[in-house]
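Below are two complexes that have chain A in common, paired first with chain B and then with chain C.
Right after this comes the complex of A and B.
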């Protein structure tokens, strides 16, 4: 009964197996490098089997997991992002004098497992468990920053408490939804006969609030800059990219891609306006690059939600491209930050440290400028196309207010993104002090790969747009595998 | 049945509010125990007697002992006898006592079961069957959640010790 015929997407089998191997390797001899290598091999394996599954696909629509092209796409994106993040921390481990940090990659793998469980979930249960696995792993990961000892602990504490609160709200909503429908299927509850109409609405709003908390949409966005600033740079990238993609994927799965009910439309519209304005205005005065990226990530969630709210022909392609563009550009910025940092010099988290980079390290500065252009939505990068598509979804539905917010937000965004480039172009104050360069081929390769993705995606966009989203009624049997 | 469930639920809420507003951790723990007992009563009335037993054994029993233990550990400094006298004034245990008495009265009242259709209780057998049948993957996911918590706690604890 247990062993056979359990429907399980293959990445959810590969990643836990890798974790078990890593644990066994830890028992044998503790080595951070071996853990990291093992994690990477596992992720590559998971990436290879992302569209497969074990067991028979259940027909009655009552299963715990689901697999279609949307899950394959977001899962591949998550696994690829985690690979990049692990590559970023390849040389950084043991950087502050601690030698045995093999639980670092273990926690990354556990977090990835949580994110994958959220992506593949067709039931409240795996979603909630995935959410918690991801949250607990990020709490542990945030404490890996040693230099100001309290910074990491403060970030972890904030994340732990706020994620606990949001999980409680989400669970309350889940309980109400179960009370209404009597089932734990991952869809918004619909009132049955004899139920007060307010009950499903309350349940939906609570579930939505829990998700917005994790997605750092506007009334619940304050934790993100603090947590990202306190965490190490790769962990900040993990919080900004992997956890957001996972939650957004589940959000689209939960609410579907059809037209949303009117109350939801109003709530999400207000949240979008608040999110875009709050994210962009907060970013204006930041002096820390990590905080600035956090604020920009808040604003990008707002842009993404516009595409979520406007169903139609363009929506699927817009969301697909936007997720890829956001992931590639944000990872690019963080990879450049890691490449810029040196153990005995600046760590690249303050914007002022980037002054004059075009003169001292032109390659790095150009890559950074390209990523920032892409985030701001300026043509050479894939970000331009993504923002264009999102605007097209809004135009299709005549969402004038949302479009105005998008434009105003993008203009504010131009200021702070271009400001960094301006600082990089300013002549350095002191005559260039030749810092001891550390050859880091893996980071150079990572930056080059991300740059190529961003440029190719921006120049040849037609190949990137695919209708991957689940169709509005539950799809009976989409073909396996992803179509890149 | 309805009134009894509402009574138990209101005791739960009152206990929770009091637990949040107490200044002394031990007093909050007293209210928390009452809250958990009342919550278990609500669960019994919903037919989930197995969950109620787990609630009492694990939360009101094991975890509360752990709470008290930690409070004792971190409150070093003053002499124990003076501190315990301070903690166990009548004002401190009166409130939880009253709430616990209400729950006890409800329990005594319920000993002769009221007529009418009671929901069929969910037994340990049912829970075990669904845990290791349909939801076996969820059990595995929970074990990974516990693993993540363990690794995080291990790292944070070691980090603090090493940081000194």
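Right after this comes the complex of A and C.
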């Protein structure tokens, strides 16, 4: 049935080829540096060919993969994020020769492959494979934390077990869906004649539960802070950014961008409220910056789901801008954390360590503050526009309860983001902390690039707002919004 | 070629230059040689020249609007960078610039830590404020509205007094949280207009013509009102103000009291009353009630304060109550009174904060129990303080009196009861102002008073300019009243289609 189909998006060809080369190089001689360089080249290559594909697309819609502007956008976002994360990991490479080895970048590449497979999939099979590849790579990556060793192992175990459970639920849903429709196409099952109506609903809910688990939407959010805290900082960034973009992209692909059926509407609305409140309230009492970022990431998933639930004129812009804003700002925070950390000093994961940074390293502190402002939705960062557009989608559909939750969540969020800035502004306990500064030009460049993206994206966002989502069944409203 | 965008962008760009100037030439021992200060001064002078240009040039189009600038920003959302200037925005920008000069001459030189960053943030706040006064695209307005909070937050949190960080957080969260309600209102208005006409736009003049149901317009108006009420502030949501004003460094206090509060009044005139005239008139009784409550409550609490800056802060709440009252009387006189009151309060309270800052700098305390009898030691500062305290209590012949009188006149036509209650506020204001003068300046000199230096004559000259402004506002307010009236364009647009958008 699918044997003759050779339609394959080019990134799915480029990344595995790169992985093969890396594996071959590992067999020949192990070198973390070469592995990392190979990974970067592969990613750049994949970024260059992100919109291309091999073979002709079959017309009957039974292909394994799909390619349109939405896949190109999210795939580019994923590849770019992985590039940033690899740059963050550069520092760790030569630091501890015994534990930092080349499978580190290899696992990142595998995880990226999984994420890309999820983005491009139009069938349950590649999606599930992608999900598992991503999950297993993250499990491996989480253990790379060497100080303390136990934290990494704990994070990996937690992720392994919980991700296994969620995969099982998802697989069950897939099975039910196949039972209903007799097809593995990546769309919500619709009951055929004579089927009980509850069966497709159950299938959809189970698939949704599996996805929410990976997306860390409440009430399936508990694993995220633990895993991110236990993992190394770049891996935490990977969990927070890449895996979430991939799963959200697949979610939009699966359910489409039209109006959702009523039962789904209710479920997702409740999940959104729980997610926003849980994420923000949990973040209030955190003392660890990675945990705080995990909680903020949970809350942002909630905001993003509001845009998912409100189809219409502004939805496409809202989702694309929000994904970009979330990725850039979160990566910015993690990049700043890596730049802040020093091998013999604080590693930047405790909030208290950031005290007085405005005095000792003003530029780093300013970048961090900008990223946090952007996450909180305050100009001039791109997060301001993102939150604005998400609110616009909600207003368009008069989702009053969701909007109230958005506002309450934003105000709570403001508190903990501002709190970090406040701590950075507090005068340091010890004047002139004599820490050896390590020149790390790649991190400085990364922070600068992300800062520029966040600011330029916030000031001149016109180019980012294009209709990128997969075409919904209903016409999306007027194409032009010009008044003059 | 209109200078409006330059007017908005110049301060923040110049602020960046000031910061760079300090980093290139690090702070030397003598504060007078501070590079960033000179750059900031130069920027303000250029800005003033630009503003003079705007004021005197003949507008190149018909209509009451003095300037106009428009360029697309986010076409997909119908968002444009659109700036328009009328007499109201122009007079408030003049007020802002005058106060910035005051700050530069009297307060920012005392900043010794990171002066470059201080001047950058100071000027960035100015950009946000001027942008707020000029923006006529609702998205842009909201952008500037939020943008001005950030530098102000940093100014308070980094350079403020002992409890600065809590005050800064409170300030930010109150204003930002209420701003989100305004965001929802903006979006609601835009979507309502989109449903009506199929055009997605954030343009103020187009949106003013949107037909709205009474319930919806009331809801949207309340969203705007909440945001502006927090900024103004109106009594139940004033909680951030005393802390923020008290803890801020002197220059930031001046900006806060002098201009930031005025953005709330400006927003009420421009957006509440002019976008939703019907809803505003239906809401007027409640708003006027809140205004009277603010006048009495602010004045009452002001009488009970020992901290000088806190006393002035509470008196601001009281004075801003007059602004709220005047705006919602629905009459032209009340509106003019509110505007005159905003200008006069901006000048007078800014000067009072500068006096309080000078006292704190010399005596290292704001507690009136520990200050006393300064007249003998500092005659210049004391007479300045006396003058502005008397202005604050509404002495005839000074600007505040004109504003309060016009507001009272307009209120009397609407509700004599409210006008009577308001007069009680005037009595209270006399109590707190004179009490402050008595305790700080006139009381017997304290035995443990350290020898202090009076303010130099050149600073006295700066204060004298402000006094002259207040006297002119008090004695001959007519030109200001006619000049600073908001252009009535959107209002006529609602009733008839005669007026064209500029």
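Methods note: the second predicted complex is superposed on the first by the 462 of 484 C-alpha atoms of A that agree within 3 Å, B and C clash if a C-alpha of one lies under 4 Å from a C-alpha of the other, contacts with A are read in each partner's own complex, and residues count from 1 in each chain.
Following the convention adopted for this analysis, a residue touches a chain if its C-beta (ideal position, glycine included) is under 8 Å from a C-beta of that chain, and two chains touch if they have at least 3 such contacts.
Model, not experiment: these values are computed from the prediction.
Undergrad: Clash or fit: chain B and chain C on chain A?
TA: Once both complexes are aligned on chain A, chain B and chain C fit side by side.
Undergrad: Which holds for A:426: it touches chain B only (first), chain C only (second), both, or neither?
TA: Second partner only.
Undergrad: Quick one: classify A:314 as touching chain B (first), chain C (second), both or neither.
TA: Touch partner of A:314: chain C, not chain B.
Undergrad: Return first, second, both or neither, reflecting whether A:197 touches chain B, chain C, both chains, or no partner chain.
TA: Touch partners of A:197: none, neither chain B nor chain C.
Undergrad: Specify the angle subtended at the CA centre of chain A by the CA centres of chain B and chain C, expressed in degrees to the nearest 10.
TA: In the superposed model, the angle at chain A is 150 degrees.
Undergrad: Is A:153 contacted by the first partner chain B, the second partner chain C, both or neither?
TA: The answer is first: A:153 touches chain B but not chain C.
Undergrad: Mind working out whether A:143 is in touch with chain B, chain C, both or neither, as first, second, both or neither?
TA: Once the two structures are laid over each other on A, A:143 reaches chain B alone.
Undergrad: According to the stated criteria, A:133 is in contact with first (chain B), second (chain C), both, or neither; which is it?
TA: first
Undergrad: Quick check on the superposed pair: does A:114 touch chain B, chain C, both, or neither? Answer first, second, both or neither.
TA: Only chain B is touched by A:114; chain C is not.
Undergrad: According to the stated criteria, A:27 is in contact with first (chain B), second (chain C), both, or neither; which is it?
TA: Neither partner.
Undergrad: Quick one: minimum Cα-Cα distance, chain B versus chain C, in the superposed arrangement, integer Å.
TA: So the smallest C-alpha gap separating chain B from chain C comes to 40 Å.
Undergrad: Jot down the residues of chain A that show up as touching in both complexes, chain B in one and chain C in the other.
TA: none
Undergrad: Chain B touches which residues of chain A in the complex?
TA: 1-2, 6, 8, 16, 19, 64-65, 98, 103, 106-107, 110-111, 113-114, 117, 125-126, 129-130, 132-133, 136-137, 139-140, 143-144, 146, 149, 152-153, 156
Undergrad: Applying the document's contact rule, which stretches of chain B touch chain A when the two form their complex?
TA: Residue positions touching the partner: 132-133, 135-138, 140-142, 144-145, 147-149, 151-156, 159-160, 162-163.
Undergrad: Contact residues on chain C for chain A in the complex?
TA: Of all residues in chain C, those touching chain A are 70, 72-78, 80, 117, 139, 142-143, 146-147, 149-150, 153-154, 157-158, 165, 168-169, 172-173, 176-177, 180-181, 183-184, 187-188, 190-191, 194, 198-201, 203, 206.
Undergrad: Within the complex, which stretch of chain A touches chain C?
TA: 313-314, 317, 358, 362, 373, 378-380, 384, 388-389, 391-392, 395-396, 403, 406-407, 410-411, 414-415, 418-419, 421-422, 425-426, 460-462, 465-466, 478, 481-484
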